[in-house]
């Protein structure tokens, strides 16, 4: 049976430390961390989850299993480029955005469209109607729906 | 040879009149109008283009050619649900957003990620770093790159 | 309103002449020719259709409108790689396969799954349960459902 | 780091016992079992893997995590309908087909196109140029590349 899965999205080398913290906290809470499987925020969130003994899924845009970063336990190779952003957020019961740019905006749009709970970790993209958290701890609490 | 194509995206019945105006102006300027092929803003933009003697393409999320609205000349059936939003904006040399909600936000994210020129017609979504137009005429001029 | 659309699929330089004939006959019968928008069979079918005064749609796997071959009137840029094969066949009321390899096999599978009428032009792939035609004329007649 | 992953594809209630055997043997060999996440052959392969203490991934066509069968450990929600077939086979280092129909044919086409090792378990689809196995044991050995 599928356990709780949380997608961590975003980009930007300057956001890696916070993404790693988010990944670690999610793993401590027993949630599987889903990411896009590549570098920067995606790699940091997976690294954080693995350091805390968690499980990670990477949903890749390309056609090669080898493209997954070293902290991915289970790689999914979609072959559909940026359209895999939909799969990343749809595969989370909730979504946490750390940093990010246009691709992250597309993911927030899709996640909200599908009714997934979305949390933007400060500082982050400005999107009206999306919950914001001021710390990794708060982001994870909002994502997992408890306090 | 493919001519100039402009994607018109968005949703909301209250925005149909402006979408129809945009579609008509694009057709008058010789641009093919690309939409998601369904109702509201998508149908209005196509209707406006057809009224002005233009050509329309509808890129559908489902699996049936029959789902296209009556103003679509050429229907493309993707079968990939919301992921077809990527195809809609990628198929335009430029993109004009009229109204819209979460799906439109995803489209603006993808269009910007792919380097397409994006114009939001006022009133519309608030997205930092995206050009805005106060009238259908201005939106079309910005999209087509002249003025 | 969307007219009759027929997808021409396949690959192999040695099949171009027959693909061009199929494209031409479809155009003479008033059908719009849908292809994957790139080279070989895809280009030949579109070239045949344009020579006969027809209309062509190219559904591209990449992210650039410029990738369409010169005989494409309307390019659709999906950005989803091989997954665009589904869109190519789904966008035809019927499908004609000319030559082809593994990608064509995937398309025949999808087209049959979606209930599209599929015709393999001899010589071509061996797929049990799919209609075969011994000439371009017969393929077009079978695809358009008359005689 | 991603371990060895094998996709089990196919359909047909009459093939469930053999799919369950394949799933069990793959798990015993330490391979993660990837399927389309729904019923019949997909459910049976996952059930077999779980019975043998293995790990399973289900790559779903729809938009809901809840659609995964009860033997899926990690569900990936693609939202792209039949186009998810590409992701299923691309996510395996090898692919084993058990029974199946048109969707399976599309998967065999895609898997071969991407250079994945494909094995059809007898009795199964007839596809020229694809390896065949006469037992679940042989299929797993061919898929994992030893013997």
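Note that the chains are named A, B, C and D in the order they appear, and that numbering of residues resets to 1 at the start of each chain.
Everything below uses one rule, namely that a residue touches a chain if its C-beta (ideal position, glycine included) is under 8 Å from a C-beta of that chain, and two chains touch if they have at least 3 such contacts.
Fair warning: this is a prediction, and the values are worked out from it, not measured in the lab.
S.K.: Same or different: at the chain A/chain B interface, is the fraction of residue numbers used by both copies above or below half?
M.R.: Same-residue interface.
S.K.: When A-D is set beside A-C, which has more C-beta pairs in contact?
M.R.: Counting C-beta pairs in contact, A-D comes out ahead.
S.K.: Can you check how far apart chain A and chain D are, centre to centre, with Cα atoms defining each centre and the answer in Å?
M.R.: Taking the mean C-alpha position of each chain, the two centres sit 26 Å apart.
S.K.: Measuring centre to centre with CA averages, how many angstrom lie between chain A and chain C?
M.R.: 39
S.K.: Residues of chain B touching 2+ other chains?
M.R.: Within chain B, the residues that touch at least two other chains are 63, 79-83, 86, 114.
S.K.: Enumerate the contact residues on chain B facing chain C in the complex.
M.R.: Those residues of chain B that touch chain C are 1-3, 5, 32, 34, 55, 57-59, 63, 65, 68, 70, 72-80, 83, 86-87, 90-91, 93, 114.
S.K.: For a test of understanding, state which residues of chain B touch chain A in their complex under the given definition.
M.R.: 80-83, 86, 101-110, 112-114, 126-128
S.K.: Taking the touch rule as given, give the residues of chain B at its contact with chain D in the complex, in rising order.
M.R.: 63, 79-83
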